[in-house]
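In the two complexes below, chain A is the common chain; its partner is chain B in one and chain C in the other.
On to the complex of A and B.
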């Protein structure tokens, strides 16, 4: 490099442009190396634990792989057919649809309600926010344990039964019976308690972004703060947050596993009351060791989730601007 | 941060209302507080039940008449818990801590490096790489657990702690947030660093990382909580009790034939205690992290 300065007119060095090109190429190579130095570890990890499993799972789903993780015989769409033809799988889809139908609207309603209330009080705002957010730190296992053993214990010493006894009612078997299906109360309340604070935080963040001038203008126009301003200003401006809460919540509900597994179990007995797809797949893959069918079931579930997400996105006009 | 700043806003609207009928405003606030306090009590009942049951005897827990406060505090339940052959709680705590700490450091390192690379190194195909990463966010994680298990077992990591830790070290969502963060990082600072002779690594390690404290803590705490509470993956990978996490220990304990109730609830208390501490100390960062992830979600 230095030599070009000393003998700029030397005929051996073909041209400045050539040198610049060389330098540019060298710099480019350095940039490429630096980039992969930083992004490479992530890329490698994702290849091994995200892309390869997806592709390998797709291959596996067309093969027979029982009691072994190696695909043994090509069976075409047999795995898919057997999963779709299985009553237990279809029941699990019905179960999760019922679950989503309860948990999603209830969570949206309560998280918004709590956020608006916390945002309206003048004092102790941080305290209430902390209390409602605290369950986020609790695991599904611990919450299931509390719900199953002490809160909704079917025996008279359970907390809920003590409470209703206070009002003169007989103890209820919360988890053990199919009819009436009180176990839905248990399953829905445990998830609600665990996640509502999280979504409340999202709504609180959304409420910050609403300009206060809008409320003042509305007041000048004669709108009383309360239901009218909520319906006309607050709720429409929280639209994007609501869409996010709905989608996150729905996708999470479809992957429910922990509370079903720990409250109702996986295989027999109570598990037959309500078994979501993930518990079903867990049984197929890890109890029956049928990995081919397990992989196929995973892809069916992914398709269902994607379709429902798209339909919901379409219904809500996902991506439309806030101003419209 | 942003949530605290709301105070002024509602104060302002509150002031507007105050010009109207003030008794109405007071009544409204009173009703609001009553409702909030009632819901707060409901929300705290499960925590109360854990502590109550953890400090009582089996006979007291199953007594037909409700006992609000334990008569004596039975801290010996703690000994019972740690000596119970069904629940290897000490091993579980060690495993959970090891897994969570490794995942926090691993995830933050890999994600911040990738986020910096994509945001600031002018490589031709960096946006394509970014989109290839983002595609994985569209596949719900829990649904690919069967093929992921197959890959992990090819690598011989079933029934090991590595098998639980390593597959979850690569968090694309965190890459997304770090990229966003570094895109807004002042370029002047970076150029000053370059003048001082820092290369890409030096800029990342000496300039960007120390200035990413807030995002590192808020994402790190969320990672810690998720890792500590995760259940399905450790259940699938850890067959042997030496690889069980706290959650698996508690779940096994829960489904055992005969349950020692006080020890079980003492176990639940021990299992959530570390998180409650982390939670209360770093709540500001957690709220920020959640709000940040919600904006993009």
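On to the complex of A and C.
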């Protein structure tokens, strides 16, 4: 189908076999050229900037490579052993699991809720859709700095502290104490604000795919609009969207770096409070310049993400069709 | 629609694509391997230039001015050298750096210095750039053994004549020496210590603290609602206290045989005191800027603060003479006051295509031009020039609080160890964080950190 769009079918097919073959070859050449014209640059970029570094990283992970990215001395699985053996790496996995435990359900809940709300609104639809989607366009770094410096700073004049002062509470050090761990509020809210609009759009698309007739039939059968139809019709029919949102969200959570790096830092005493795997690996590779161990850690993390995604997909039945 | 014909064509096209894909992929991978090989090769010629230039350099150093040496080294046309700075906070520093570069070009018309002013995480950006053949020719940084092993720094022994060595701060010289070779020219010494508001301390009837206990008491006494007692950074002082408490307890990171020497009872007791201070609820945490920026102190958010000598001009502007300084106080009976003396050193990248020209420029700027060293050290923030004669000639460091800092630094100063790397620093900070934030036992944490540091030492030293 795609090829028919690129090369229009020739209007008449001549009976002359020779001419026919010539024409076909020409068409074929055109198709090939068009294919490479479109796919080539992207493929080249992918190879140079994704596949080569991945292979290079895999090789490096079995070598001692300090202050250099040239494999120097083969050390077998030493790098992998040292990463897995480091309690700080295991702590970082626990940290990211806790983070995912907060952020994934909250994001699913709010994006679904927003999508249903925006979908039912009768006026200024475009406005509401874009206003909730807008934060997606904001950079994680900028948002993190706003959260850290303006909204959640520890001074009495910070936004959050002004807000709680209104309720008669003392100012809180949001970022900087382990007990109670208020920094989770900062970390979770910034990501929620940034990504909820994107998942809302996915849910909106899902909502608009649900046939109106189902609701009409339900009303004829005596169902009342609201919770009953949402629970029996809307939510079950959004199953595939929900699974996609869960998977994407979990993978994104495991790759969290920007807000942790910009709110808690990589090297300060705060970093240990919540150091996700990527910040841990960033320190190893780019601060300690131990690129072999850093690469090994990257592959361990990827394996963990793959395993969790596969298990989750299996449990939720990702890719199963509706009637199975 | 003749779907058959299209189907046929499609499948054939796909067949071709797959084959071509594999072929072109192999080409790209092979090509990049070639590129990488070239990347490796550049190291070898570069180091041979270093060796070659080493011989010419002796004549330059002994012979005439830097100008002639540069001209000799660069007889073949114009040279551009890239010079990396981290982003200094004080106004006017970038303009000063550009002016030095322009002055050098004026004296050596065939050499252009391209100043790169790097904001943000300078170390990481520098480390990444040093891996490539296109790294900076001249850069500032902090020397480690790994940098020497990885060939990221060119030896500069030929720049240090006996006269210069005699006239150079001993700590700064040792800080830039590995295995008897000098690799860096210290640009500035940056002692760090406590600043306090005299009027607030007087009002509370206190003297500047000389022990950790007194510091804890002072922080409690000065803490009053809007003005917190002490500011030591947004991590609640953890990063600063972890290392300083080791030295303040009379211990050190590593002994003379490069064995961990920080796991002592005195340090464990000092860390317990550090925890008391950190959890006294009298520290300012969550200020808009971190401790190295004096804004929080200037805005009266805390009565005492940790900062560097560099912040003194700004603090003087705000409080005139209503402030004083004191070193990190002694912790425990075996302890002593300490002052961490950091700073920056200039290095020449041996992978540079113009190692000799880069060395000439470093020689001119940081060893020969006393006026520029004075300007850099004292016209913006305050720093102590590592050249003893230059420091002695600095009027701004002769009186008041600045003179006190110089005296204290001479008496109590300690510097970084080239063997101590970021991984060891992280191990120590992590251990202290566990003590403060997670109520861990200092002895156990120090023992755990010792194991990690030893493992890292084994890796670094075995090369």
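Following the convention adopted for this analysis, the second predicted complex is superposed on the first by the 279 of 324 C-alpha atoms of A that agree within 3 Å, B and C clash if a C-alpha of one lies under 4 Å from a C-alpha of the other, contacts with A are read in each partner's own complex, and residues count from 1 in each chain.
Keep in mind that, in the parts below, contacts are C-beta pairs under 8 Å (C-beta built on N, C-alpha and C of every residue); 3 or more make two chains touch, one makes a residue touch a chain.
This is a predicted model, so every value here is computed, not measured.
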| item | value |
| --- | --- |
| Partner chain(s) touched by A:184 [first = chain B, second = chain C, both, neither] | neither |
| Chain B versus chain C as contact partner of A:69, first or second or both or neither | both |
| First (chain B), second (chain C), both or neither touched by A:248 | first |
| Which partner reaches more residues of chain A (counting touched residues only), chain B or chain C | B |
| Which superposed partner A:102 touches (first chain B, second chain C, both, neither) | neither |
| First (chain B), second (chain C), both or neither touched by A:149 | both |
| First, second, both or neither for A:265, with chain B first and chain C second | both |
| Which of chain B and chain C A:230 touches, first, second, both or neither | neither |
| Chain B versus chain C as contact partner of A:35, first or second or both or neither | both |
| Footprint overlap on chain A, where chain B in one structure and chain C in the other make contact | 31-32, 35, 43, 48, 51-52, 56, 69, 149, 155-156, 265, 282, 286 |
| Touch list for chain C against partner chain A, complex | 1-2, 6, 9-10, 12-13, 16-17, 21, 24-25, 28-29, 32, 36, 39-40, 121, 123-124, 127-128, 130-131, 146-147, 149-150, 152, 226, 233-239, 242, 284-288, 301, 421-423, 425-426, 429-430, 432-434, 436-438, 459-460 |
| Parts of chain B lying in touch with chain A, wherever the complex brings them together | 2-14, 16-17, 29, 32-33, 35-36, 39-40, 43-47, 49-50, 53, 61-64, 66, 110-111, 113-114, 116-118, 121-124, 126, 129, 133, 136, 138-155, 166-167, 169-170, 172, 175, 199-201, 204, 225, 228-229, 231-232, 235-236, 247, 250-251, 254-255, 259, 261, 264-265, 268, 271-272, 275-276, 278-280, 283, 286-287, 290-291, 294-295, 297 |
| For the chain A and chain C complex, residues of the former touching the latter | 3-4, 9, 24, 27-28, 31-32, 35, 43-44, 47-48, 51-52, 55-56, 64, 66-70, 88, 149, 152-156, 158, 173-179, 265-270, 272-273, 282-284, 286-290 |
| Contact footprint of chain B on chain A as seen in their complex | 31-32, 34-39, 41-43, 45-46, 48-54, 56-57, 60, 69, 114, 117-122, 125-126, 128-151, 155-157, 159, 162, 193, 198, 201-202, 204-208, 212, 215-216, 219, 225, 241, 244, 247-248, 251, 254-255, 257-258, 261-262, 265, 278, 281-282, 285-286, 291, 294-295, 297-298, 301-302, 305-306 |
